[in-house]
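Each of the next two complexes has chain A plus one more chain, namely chain B in the first and chain C in the second.
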Partner chain A sequence: MSDIITQDLIALDVALADKAAVIGQIADLLQAAGRLKDRQRYIDDVYEREAMVPTGIGNQIAIPHARSAGVGESGLVFVRLAAPIAWNEDEQARLVFGIAVPDDNADNLHLKILANVAKKLLDDKIKQLIEESQSKQEILEALLA
Partner chain B sequence: MKKLVGVAACPAGIAHTYIAAETLIKFAKQHGYDLKMETNGAGGTENRLTEEDIEEAEAIVLAVDTMVEMERFRGKPVLTVSSSDAIHRGEQVIQQIVDGKAEVYNP
Partner chain C sequence: MKSVELTIENEVGLHARPATLFVKAAQKHQAEITVSFDGKSVSAKSLLGLLTLAVTKGSVISVAAEGEDAEAALAALSELVSNNFGE
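Showing the complex of A and B:
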(Lines of atoms letter the chains of each structure in order from A and count residues from 1; the text may use other names and numbers.)
(Lines give C-alpha, C1' and ligand atoms only; values in the text may rest on other atoms or scores of the structure.)
Protein backbone atom coordinates (compact mmCIF):
# COMPACT_ATOMS: atom_id res chain seq x y z
CA MET A 1 0.00 0.00 0.00
CA SER A 2 1.36 3.43 -0.91
CA ASP A 3 1.55 6.29 1.55
CA ILE A 4 -1.63 8.30 1.45
CA ILE A 5 0.28 11.45 0.52
CA THR A 6 3.65 11.75 -1.20
CA GLN A 7 5.64 14.70 -2.54
CA ASP A 8 4.12 14.04 -5.98
CA LEU A 9 0.71 14.84 -4.50
CA ILE A 10 1.76 18.27 -3.23
CA ALA A 11 1.71 21.41 -5.39
CA LEU A 12 2.89 24.68 -3.85
CA ASP A 13 1.91 28.20 -4.83
CA VAL A 14 0.21 27.32 -8.09
CA ALA A 15 -1.83 29.97 -9.86
CA LEU A 16 -5.30 28.61 -10.61
CA ALA A 17 -8.27 30.74 -11.55
CA ASP A 18 -11.22 29.05 -9.92
CA LYS A 19 -12.64 26.06 -8.08
CA ALA A 20 -13.06 23.99 -11.24
CA ALA A 21 -9.38 24.47 -12.09
CA VAL A 22 -8.36 23.42 -8.58
CA ILE A 23 -10.47 20.27 -8.65
CA GLY A 24 -9.08 19.49 -12.12
CA GLN A 25 -5.54 19.92 -10.79
CA ILE A 26 -6.25 17.61 -7.85
CA ALA A 27 -7.57 14.96 -10.24
CA ASP A 28 -4.50 15.37 -12.48
CA LEU A 29 -2.11 14.84 -9.58
CA LEU A 30 -4.02 11.77 -8.39
CA GLN A 31 -4.12 10.43 -11.95
CA ALA A 32 -0.38 10.95 -12.45
CA ALA A 33 0.28 9.09 -9.20
CA GLY A 34 -1.81 6.15 -10.43
CA ARG A 35 -4.52 6.54 -7.78
CA LEU A 36 -7.51 6.94 -10.11
CA LYS A 37 -9.33 4.39 -12.26
CA ASP A 38 -11.67 6.92 -13.80
CA ARG A 39 -10.72 10.59 -13.57
CA GLN A 40 -14.06 11.98 -14.70
CA ARG A 41 -15.99 9.73 -12.33
CA TYR A 42 -13.92 11.01 -9.41
CA ILE A 43 -14.47 14.63 -10.45
CA ASP A 44 -18.22 14.05 -10.81
CA ASP A 45 -18.37 12.53 -7.33
CA VAL A 46 -16.42 15.44 -5.84
CA TYR A 47 -18.93 17.88 -7.35
CA GLU A 48 -21.80 15.80 -6.06
CA ARG A 49 -20.35 16.03 -2.55
CA GLU A 50 -19.77 19.78 -2.92
CA ALA A 51 -23.41 20.18 -3.93
CA MET A 52 -24.56 18.55 -0.66
CA VAL A 53 -22.45 20.79 1.56
CA PRO A 54 -19.56 22.89 0.24
CA THR A 55 -16.29 21.80 1.77
CA GLY A 56 -14.78 25.10 2.84
CA ILE A 57 -13.94 24.79 6.53
CA GLY A 58 -12.87 28.37 7.28
CA ASN A 59 -9.39 29.90 7.50
CA GLN A 60 -9.06 29.67 3.70
CA ILE A 61 -8.97 25.88 3.89
CA ALA A 62 -11.14 23.66 1.67
CA ILE A 63 -11.30 19.89 1.61
CA PRO A 64 -13.05 18.69 -1.56
CA HIS A 65 -13.45 14.94 -1.24
CA ALA A 66 -15.26 11.89 -2.46
CA ARG A 67 -15.63 8.23 -1.90
CA SER A 68 -15.81 7.19 -5.50
CA ALA A 69 -15.80 4.21 -7.83
CA GLY A 70 -13.37 6.29 -9.90
CA VAL A 71 -10.69 5.90 -7.22
CA GLY A 72 -8.30 2.95 -7.31
CA GLU A 73 -6.25 3.76 -4.23
CA SER A 74 -6.79 6.37 -1.53
CA GLY A 75 -4.86 9.59 -1.88
CA LEU A 76 -4.54 12.99 -0.31
CA VAL A 77 -3.51 15.96 -2.43
CA PHE A 78 -2.39 19.31 -1.08
CA VAL A 79 -2.63 22.28 -3.43
CA ARG A 80 -1.46 25.63 -2.07
CA LEU A 81 -2.67 28.40 -4.31
CA ALA A 82 -0.64 31.50 -5.15
CA ALA A 83 -3.71 33.57 -4.33
CA PRO A 84 -7.06 32.74 -2.70
CA ILE A 85 -10.06 31.92 -4.91
CA ALA A 86 -13.79 31.94 -4.18
CA TRP A 87 -14.79 28.48 -2.91
CA ASN A 88 -18.39 28.93 -1.84
CA GLU A 89 -20.55 31.99 -1.99
CA ASP A 90 -19.15 33.38 1.22
CA GLU A 91 -15.84 31.62 1.57
CA GLN A 92 -12.39 31.79 0.02
CA ALA A 93 -9.80 29.06 -0.23
CA ARG A 94 -6.06 29.07 -0.59
CA LEU A 95 -5.10 25.79 1.11
CA VAL A 96 -6.92 22.97 -0.63
CA PHE A 97 -6.80 19.33 0.44
CA GLY A 98 -8.24 16.95 -2.13
CA ILE A 99 -9.24 13.59 -0.74
CA ALA A 100 -9.92 10.46 -2.77
CA VAL A 101 -11.16 7.24 -1.22
CA PRO A 102 -12.35 4.12 -3.09
CA ASP A 103 -16.05 3.46 -2.67
CA ASP A 104 -15.59 -0.12 -1.52
CA ASN A 105 -14.48 1.17 1.86
CA ALA A 106 -11.94 -1.57 2.37
CA ASP A 107 -9.22 0.86 3.19
CA ASN A 108 -9.64 1.49 6.88
CA LEU A 109 -6.07 2.43 7.63
CA HIS A 110 -6.18 5.27 5.13
CA LEU A 111 -9.46 6.50 6.62
CA LYS A 112 -7.82 6.69 10.01
CA ILE A 113 -4.89 8.64 8.60
CA LEU A 114 -7.28 11.04 6.87
CA ALA A 115 -9.16 11.59 10.11
CA ASN A 116 -5.89 12.50 11.78
CA VAL A 117 -4.91 14.90 9.02
CA ALA A 118 -8.33 16.54 9.25
CA LYS A 119 -7.81 17.19 12.96
CA LYS A 120 -4.36 18.65 12.34
CA LEU A 121 -5.78 21.36 10.12
CA LEU A 122 -7.24 22.96 13.24
CA ASP A 123 -3.82 23.26 14.83
CA ASP A 124 -2.54 26.83 14.38
CA LYS A 125 1.11 25.78 14.28
CA ILE A 126 0.54 23.23 11.55
CA LYS A 127 -1.60 25.66 9.64
CA GLN A 128 1.19 28.22 9.69
CA LEU A 129 3.69 25.63 8.50
CA ILE A 130 1.59 24.50 5.56
CA GLU A 131 0.91 28.12 4.65
CA GLU A 132 4.54 29.14 4.60
CA SER A 133 6.87 26.18 4.18
CA GLN A 134 8.75 25.84 0.90
CA SER A 135 9.62 22.22 1.66
CA LYS A 136 7.24 19.51 0.50
CA GLN A 137 9.01 17.07 2.78
CA GLU A 138 8.44 19.28 5.80
CA ILE A 139 4.75 19.63 4.94
CA LEU A 140 4.44 15.85 4.48
CA GLU A 141 5.99 15.19 7.84
CA ALA A 142 3.80 17.73 9.60
CA LEU A 143 0.63 16.22 8.13
CA LEU A 144 1.56 12.63 8.87
CA ALA A 145 3.26 13.10 12.24
CA MET B 1 -14.39 18.94 35.17
CA LYS B 2 -17.88 19.46 33.77
CA LYS B 3 -18.74 16.93 31.10
CA LEU B 4 -20.43 17.03 27.72
CA VAL B 5 -20.77 14.33 25.13
CA GLY B 6 -21.63 14.44 21.46
CA VAL B 7 -21.73 12.68 18.13
CA ALA B 8 -20.38 13.84 14.77
CA ALA B 9 -21.42 12.33 11.45
CA CYS B 10 -21.38 13.57 7.85
CA PRO B 11 -22.43 12.16 4.46
CA ALA B 12 -19.05 10.84 3.30
CA GLY B 13 -17.67 10.27 6.75
CA ILE B 14 -14.08 10.97 5.80
CA ALA B 15 -13.39 14.55 6.82
CA HIS B 16 -16.15 16.78 8.18
CA THR B 17 -17.02 14.31 10.92
CA TYR B 18 -13.58 14.60 12.42
CA ILE B 19 -13.12 18.33 11.89
CA ALA B 20 -16.51 19.04 13.46
CA ALA B 21 -15.65 16.84 16.45
CA GLU B 22 -12.27 18.45 16.95
CA THR B 23 -13.65 21.99 16.60
CA LEU B 24 -16.30 21.41 19.27
CA ILE B 25 -13.80 19.77 21.64
CA LYS B 26 -11.52 22.78 21.28
CA PHE B 27 -14.21 25.32 22.15
CA ALA B 28 -15.68 23.18 24.91
CA LYS B 29 -12.27 23.09 26.55
CA GLN B 30 -12.11 26.90 26.46
CA HIS B 31 -15.32 26.91 28.48
CA GLY B 32 -13.95 24.43 31.00
CA TYR B 33 -15.85 21.43 29.66
CA ASP B 34 -14.52 18.00 28.90
CA LEU B 35 -16.33 16.99 25.69
CA LYS B 36 -16.19 13.40 24.46
CA MET B 37 -17.18 13.09 20.81
CA GLU B 38 -18.25 9.84 19.16
CA THR B 39 -17.43 9.89 15.44
CA ASN B 40 -19.60 7.96 13.00
CA GLY B 41 -17.33 7.94 9.96
CA ALA B 42 -16.83 5.80 6.89
CA GLY B 43 -14.41 3.68 8.91
CA GLY B 44 -17.08 2.89 11.48
CA THR B 45 -17.94 4.27 14.89
CA GLU B 46 -15.04 5.43 16.99
CA ASN B 47 -14.93 6.63 20.56
CA ARG B 48 -18.39 5.22 21.16
CA LEU B 49 -20.31 6.85 24.02
CA THR B 50 -21.04 4.55 26.93
CA GLU B 51 -24.17 4.71 29.07
CA GLU B 52 -21.99 6.13 31.81
CA ASP B 53 -20.63 8.88 29.53
CA ILE B 54 -24.16 9.93 28.65
CA GLU B 55 -25.33 9.71 32.25
CA GLU B 56 -22.51 11.96 33.48
CA ALA B 57 -22.86 14.55 30.71
CA GLU B 58 -24.66 17.82 31.36
CA ALA B 59 -25.79 17.95 27.74
CA ILE B 60 -25.41 16.31 24.35
CA VAL B 61 -24.21 18.08 21.21
CA LEU B 62 -24.93 16.47 17.85
CA ALA B 63 -22.99 17.68 14.78
CA VAL B 64 -24.69 15.43 12.30
CA ASP B 65 -25.98 15.36 8.72
CA THR B 66 -27.10 11.76 8.94
CA MET B 67 -29.23 9.68 11.28
CA VAL B 68 -27.69 8.69 14.59
CA GLU B 69 -29.01 6.48 17.40
CA MET B 70 -31.17 8.82 19.48
CA GLU B 71 -32.92 6.59 22.01
CA ARG B 72 -29.86 6.60 24.27
CA PHE B 73 -30.24 10.36 24.75
CA ARG B 74 -33.83 10.30 26.01
CA GLY B 75 -34.33 12.70 28.90
CA LYS B 76 -31.06 14.58 28.33
CA PRO B 77 -30.69 18.11 26.94
CA VAL B 78 -29.71 17.77 23.27
CA LEU B 79 -28.56 20.44 20.81
CA THR B 80 -28.44 19.37 17.16
CA VAL B 81 -26.55 21.25 14.44
CA SER B 82 -25.10 20.28 11.04
CA SER B 83 -21.46 19.23 10.77
CA SER B 84 -20.89 22.36 8.74
CA ASP B 85 -22.36 24.57 11.48
CA ALA B 86 -20.14 22.90 14.03
CA ILE B 87 -17.09 23.65 11.89
CA HIS B 88 -17.97 27.25 11.05
CA ARG B 89 -19.73 28.29 14.24
CA GLY B 90 -18.27 25.92 16.78
CA GLU B 91 -17.80 28.65 19.33
CA GLN B 92 -21.47 29.74 19.21
CA VAL B 93 -22.64 26.13 19.31
CA ILE B 94 -20.76 25.52 22.55
CA GLN B 95 -21.94 28.88 23.91
CA GLN B 96 -25.54 27.78 23.33
CA ILE B 97 -24.90 24.62 25.32
CA VAL B 98 -23.23 26.56 28.12
CA ASP B 99 -26.18 28.96 28.17
CA GLY B 100 -28.53 26.03 28.67
CA LYS B 101 -30.19 26.32 25.25
CA ALA B 102 -30.21 22.59 24.57
CA GLU B 103 -33.72 21.12 24.83
CA VAL B 104 -34.54 17.91 26.63
CA TYR B 105 -34.98 15.06 24.16
CA ASN B 106 -38.27 13.45 25.01
CA PRO B 107 -40.16 12.49 21.84
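Showing the complex of A and C:
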Protein backbone atom coordinates (compact mmCIF):
# COMPACT_ATOMS: atom_id res chain seq x y z
CA MET A 1 0.00 0.00 0.00
CA SER A 2 2.80 2.41 0.84
CA ASP A 3 3.12 4.05 -2.57
CA ILE A 4 -0.49 3.61 -3.53
CA ILE A 5 -1.57 6.82 -1.80
CA THR A 6 0.33 10.00 -1.03
CA GLN A 7 -0.72 13.39 0.34
CA ASP A 8 -1.06 14.60 -3.25
CA LEU A 9 -3.86 12.10 -3.75
CA ILE A 10 -5.91 13.41 -0.81
CA ALA A 11 -8.36 16.33 -1.10
CA LEU A 12 -10.24 17.50 1.97
CA ASP A 13 -13.60 19.23 2.21
CA VAL A 14 -13.87 20.14 -1.43
CA ALA A 15 -17.18 21.52 -2.63
CA LEU A 16 -18.28 19.47 -5.63
CA ALA A 17 -21.81 19.44 -6.96
CA ASP A 18 -22.24 15.95 -8.35
CA LYS A 19 -20.78 12.57 -9.09
CA ALA A 20 -19.31 13.67 -12.42
CA ALA A 21 -17.39 16.46 -10.70
CA VAL A 22 -16.06 14.03 -8.09
CA ILE A 23 -14.87 11.52 -10.69
CA GLY A 24 -13.29 14.40 -12.63
CA GLN A 25 -11.48 15.53 -9.47
CA ILE A 26 -10.20 12.01 -8.82
CA ALA A 27 -8.87 11.85 -12.38
CA ASP A 28 -7.24 15.28 -11.99
CA LEU A 29 -5.42 14.21 -8.82
CA LEU A 30 -4.21 10.98 -10.45
CA GLN A 31 -3.15 12.91 -13.54
CA ALA A 32 -1.23 15.50 -11.53
CA ALA A 33 0.56 12.69 -9.70
CA GLY A 34 1.59 11.21 -13.06
CA ARG A 35 -0.39 8.03 -12.63
CA LEU A 36 -2.60 8.23 -15.70
CA LYS A 37 -1.67 7.53 -19.30
CA ASP A 38 -5.05 8.49 -20.67
CA ARG A 39 -7.34 10.57 -18.44
CA GLN A 40 -10.45 10.21 -20.59
CA ARG A 41 -9.99 6.46 -20.93
CA TYR A 42 -9.79 6.14 -17.14
CA ILE A 43 -12.93 8.24 -16.67
CA ASP A 44 -14.80 6.20 -19.30
CA ASP A 45 -13.82 2.96 -17.55
CA VAL A 46 -14.95 4.31 -14.17
CA TYR A 47 -18.34 5.22 -15.66
CA GLU A 48 -18.64 1.84 -17.32
CA ARG A 49 -17.98 0.19 -13.99
CA GLU A 50 -20.44 2.49 -12.21
CA ALA A 51 -23.10 1.66 -14.78
CA MET A 52 -22.70 -2.05 -14.03
CA VAL A 53 -22.45 -1.68 -10.27
CA PRO A 54 -22.85 1.63 -8.46
CA THR A 55 -20.14 1.84 -5.84
CA GLY A 56 -21.97 3.63 -3.04
CA ILE A 57 -21.68 1.25 -0.10
CA GLY A 58 -23.63 3.08 2.58
CA ASN A 59 -22.56 5.35 5.44
CA GLN A 60 -21.88 8.10 2.90
CA ILE A 61 -18.98 6.12 1.49
CA ALA A 62 -18.39 5.49 -2.21
CA ILE A 63 -15.54 3.55 -3.78
CA PRO A 64 -15.49 4.20 -7.54
CA HIS A 65 -12.83 2.02 -9.08
CA ALA A 66 -11.58 0.82 -12.39
CA ARG A 67 -8.97 -1.42 -13.83
CA SER A 68 -8.19 0.61 -16.89
CA ALA A 69 -5.80 0.88 -19.82
CA GLY A 70 -5.79 4.61 -19.03
CA VAL A 71 -3.92 3.98 -15.78
CA GLY A 72 -0.12 3.94 -15.77
CA GLU A 73 0.53 3.41 -12.09
CA SER A 74 -1.91 2.15 -9.44
CA GLY A 75 -3.27 4.74 -7.08
CA LEU A 76 -5.78 5.35 -4.32
CA VAL A 77 -7.39 8.79 -4.12
CA PHE A 78 -9.35 10.08 -1.15
CA VAL A 79 -11.76 12.96 -1.73
CA ARG A 80 -13.69 14.24 1.28
CA LEU A 81 -16.57 16.42 0.21
CA ALA A 82 -17.67 19.55 2.01
CA ALA A 83 -21.24 18.25 1.80
CA PRO A 84 -22.73 14.90 0.78
CA ILE A 85 -23.94 14.46 -2.80
CA ALA A 86 -26.30 11.93 -4.39
CA TRP A 87 -24.27 8.96 -5.60
CA ASN A 88 -26.61 6.14 -6.49
CA GLU A 89 -30.36 6.24 -6.52
CA ASP A 90 -30.58 5.67 -2.80
CA GLU A 91 -27.05 6.39 -1.60
CA GLN A 92 -25.33 9.61 -0.69
CA ALA A 93 -21.58 10.02 -0.60
CA ARG A 94 -19.25 12.28 1.30
CA LEU A 95 -16.18 10.06 1.68
CA VAL A 96 -15.05 8.97 -1.78
CA PHE A 97 -12.19 6.56 -2.36
CA GLY A 98 -11.11 6.29 -5.99
CA ILE A 99 -9.12 3.22 -6.91
CA ALA A 100 -7.18 3.08 -10.17
CA VAL A 101 -5.30 0.01 -11.34
CA PRO A 102 -3.69 -0.68 -14.75
CA ASP A 103 -5.71 -3.13 -16.83
CA ASP A 104 -2.81 -5.56 -17.13
CA ASN A 105 -2.81 -6.08 -13.38
CA ALA A 106 -3.83 -9.71 -12.95
CA ASP A 107 -3.22 -9.76 -9.24
CA ASN A 108 -6.63 -8.46 -8.13
CA LEU A 109 -4.79 -5.50 -6.67
CA HIS A 110 -7.91 -3.34 -6.80
CA LEU A 111 -9.71 -5.86 -4.59
CA LYS A 112 -6.86 -5.84 -2.12
CA ILE A 113 -6.85 -2.05 -1.96
CA LEU A 114 -10.63 -2.08 -1.55
CA ALA A 115 -10.40 -4.67 1.23
CA ASN A 116 -7.79 -2.59 3.00
CA VAL A 117 -9.87 0.60 2.82
CA ALA A 118 -12.97 -1.27 4.03
CA LYS A 119 -10.99 -2.61 6.97
CA LYS A 120 -10.02 0.90 8.05
CA LEU A 121 -13.57 2.21 7.70
CA LEU A 122 -14.90 -0.55 9.96
CA ASP A 123 -12.78 0.82 12.78
CA ASP A 124 -14.86 3.61 14.33
CA LYS A 125 -11.83 5.55 15.53
CA ILE A 126 -10.14 5.48 12.14
CA LYS A 127 -13.41 6.33 10.42
CA GLN A 128 -13.89 9.33 12.68
CA LEU A 129 -10.36 10.51 11.97
CA ILE A 130 -10.95 10.14 8.23
CA GLU A 131 -14.20 12.09 8.56
CA GLU A 132 -12.87 14.91 10.69
CA SER A 133 -9.10 15.32 10.58
CA GLN A 134 -7.76 18.46 8.93
CA SER A 135 -4.35 16.85 8.47
CA LYS A 136 -3.65 14.98 5.24
CA GLN A 137 -0.62 13.43 6.87
CA GLU A 138 -2.73 12.07 9.73
CA ILE A 139 -5.28 10.60 7.30
CA LEU A 140 -2.51 9.15 5.16
CA GLU A 141 -0.96 7.45 8.17
CA ALA A 142 -4.34 6.10 9.27
CA LEU A 143 -4.98 4.61 5.82
CA LEU A 144 -1.54 3.08 5.62
CA ALA A 145 -1.36 1.81 9.21
CA MET B 1 -24.69 -23.53 14.74
CA LYS B 2 -25.09 -24.71 11.16
CA SER B 3 -22.58 -24.01 8.44
CA VAL B 4 -21.92 -24.60 4.76
CA GLU B 5 -18.92 -24.23 2.49
CA LEU B 6 -19.56 -22.33 -0.72
CA THR B 7 -17.35 -21.91 -3.76
CA ILE B 8 -17.51 -18.48 -5.33
CA GLU B 9 -17.55 -19.06 -9.09
CA ASN B 10 -18.76 -15.74 -10.47
CA GLU B 11 -16.34 -13.49 -12.30
CA VAL B 12 -15.77 -10.63 -9.86
CA GLY B 13 -15.82 -12.64 -6.65
CA LEU B 14 -17.69 -11.55 -3.54
CA HIS B 15 -17.49 -7.92 -4.40
CA ALA B 16 -19.58 -5.11 -5.87
CA ARG B 17 -23.08 -6.20 -6.91
CA PRO B 18 -22.72 -9.85 -5.79
CA ALA B 19 -21.57 -8.70 -2.35
CA THR B 20 -24.51 -6.29 -2.15
CA LEU B 21 -26.97 -9.06 -3.08
CA PHE B 22 -25.36 -11.39 -0.55
CA VAL B 23 -25.69 -8.83 2.26
CA LYS B 24 -29.30 -8.04 1.33
CA ALA B 25 -30.19 -11.74 1.36
CA ALA B 26 -28.50 -12.16 4.74
CA GLN B 27 -30.31 -9.14 6.18
CA LYS B 28 -33.68 -10.76 5.44
CA HIS B 29 -32.98 -13.32 8.15
CA GLN B 30 -32.98 -13.04 11.90
CA ALA B 31 -30.12 -15.50 12.36
CA GLU B 32 -26.62 -14.34 13.11
CA ILE B 33 -24.67 -15.18 9.98
CA THR B 34 -20.90 -15.25 9.80
CA VAL B 35 -18.71 -15.53 6.73
CA SER B 36 -15.21 -16.91 7.17
CA PHE B 37 -12.41 -16.83 4.64
CA ASP B 38 -8.65 -16.89 4.87
CA GLY B 39 -8.63 -16.96 8.67
CA LYS B 40 -10.97 -13.97 9.03
CA SER B 41 -14.64 -13.91 10.03
CA VAL B 42 -17.15 -11.12 9.48
CA SER B 43 -20.89 -10.61 9.70
CA ALA B 44 -22.70 -11.50 6.48
CA LYS B 45 -24.91 -8.46 7.08
CA SER B 46 -22.12 -5.89 6.72
CA LEU B 47 -21.05 -4.95 3.19
CA LEU B 48 -17.95 -3.23 4.49
CA GLY B 49 -17.09 -6.33 6.50
CA LEU B 50 -17.57 -8.60 3.52
CA LEU B 51 -15.36 -6.39 1.35
CA THR B 52 -12.49 -6.75 3.83
CA LEU B 53 -12.31 -10.46 2.97
CA ALA B 54 -11.33 -9.80 -0.67
CA VAL B 55 -12.96 -13.04 -1.84
CA THR B 56 -11.99 -13.70 -5.45
CA LYS B 57 -13.31 -16.13 -8.05
CA GLY B 58 -12.59 -19.72 -7.13
CA SER B 59 -12.43 -19.06 -3.39
CA VAL B 60 -14.23 -21.27 -0.89
CA ILE B 61 -15.97 -19.41 1.91
CA SER B 62 -17.56 -20.86 5.00
CA VAL B 63 -20.93 -19.48 6.04
CA ALA B 64 -22.26 -20.22 9.52
CA ALA B 65 -25.65 -19.28 10.93
CA GLU B 66 -27.10 -19.35 14.41
CA GLY B 67 -30.75 -18.68 15.22
CA GLU B 68 -34.30 -19.69 14.44
CA ASP B 69 -34.14 -19.27 10.67
CA ALA B 70 -30.50 -20.34 10.33
CA GLU B 71 -31.35 -23.15 7.96
CA ALA B 72 -33.44 -20.94 5.69
CA ALA B 73 -30.69 -18.30 5.70
CA LEU B 74 -28.03 -20.79 4.65
CA ALA B 75 -30.32 -22.21 1.97
CA ALA B 76 -30.99 -18.74 0.54
CA LEU B 77 -27.30 -17.77 0.51
CA SER B 78 -26.27 -21.13 -0.97
CA GLU B 79 -28.77 -20.72 -3.75
CA LEU B 80 -27.58 -17.19 -4.51
CA VAL B 81 -23.98 -18.37 -4.76
CA SER B 82 -24.76 -21.50 -6.79
CA ASN B 83 -26.71 -19.33 -9.25
CA ASN B 84 -23.65 -17.08 -9.58
CA PHE B 85 -25.72 -14.20 -8.20
CA GLY B 86 -27.85 -14.27 -11.32
CA GLU B 87 -24.89 -13.23 -13.51
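Points worth noting:
Assume the second predicted complex is superposed on the first by the 134 of 145 C-alpha atoms of A that agree within 3 Å, B and C clash if a C-alpha of one lies under 4 Å from a C-alpha of the other, contacts with A are read in each partner's own complex, and residues count from 1 in each chain.
Heads up, the rule we're going with is that a residue touches a chain if its C-beta (ideal position, glycine included) is under 8 Å from a C-beta of that chain, and two chains touch if they have at least 3 such contacts.
Everything quoted here is computed from the prediction, not taken from an experiment.
In the superposed model, A:L111 makes contact with both chain B and chain C.
Shared-chain residue A:L122: touches chain B and chain C both. Contact with chain B, but none with chain C, is seen for A:V101 once the two complexes are overlaid on the shared chain.
Touch counts on chain A: comparing chain C and chain B, the chain ahead is B. By the touch criterion defined above, A:G34 reaches neither chain B nor chain C.
When the two structures are aligned on the shared chain, A:P84 is found in touch with neither chain B nor chain C. Applying the stated contact rule after C-alpha superposition, one finds that A:R67 touches chain B and leaves chain C untouched.
Applying the stated contact rule after C-alpha superposition, one finds that A:G58 touches each of chain B and chain C. Residue overlap on chain A between the chain B contacts of one complex and the chain C contacts of the other covers 52-53, 55, 57-58, 108, 111-112, 114-115, 118-119, 121-122. Here chain A touches chain B in the complex through residues 49, 52-53, 55, 57-58, 63, 65-67, 99, 101, 105, 108, 111-112, 114-116, 118-119, 121-122, going by the rule given at the top. Residues of chain A touching chain C in their complex: 52-53, 55, 57-59, 61, 108, 111-112, 114-115, 118-119, 121-122.
Residues 10-12, 14-19, 22-23, 26, 39, 41-44, 46, 65, 82-84, 87-88 of chain B are the ones touching chain A in the complex. Those residues of chain C whose C-beta lies close enough to touch chain A in the complex are 13, 15-17, 20, 46-49, 51-54, 56.
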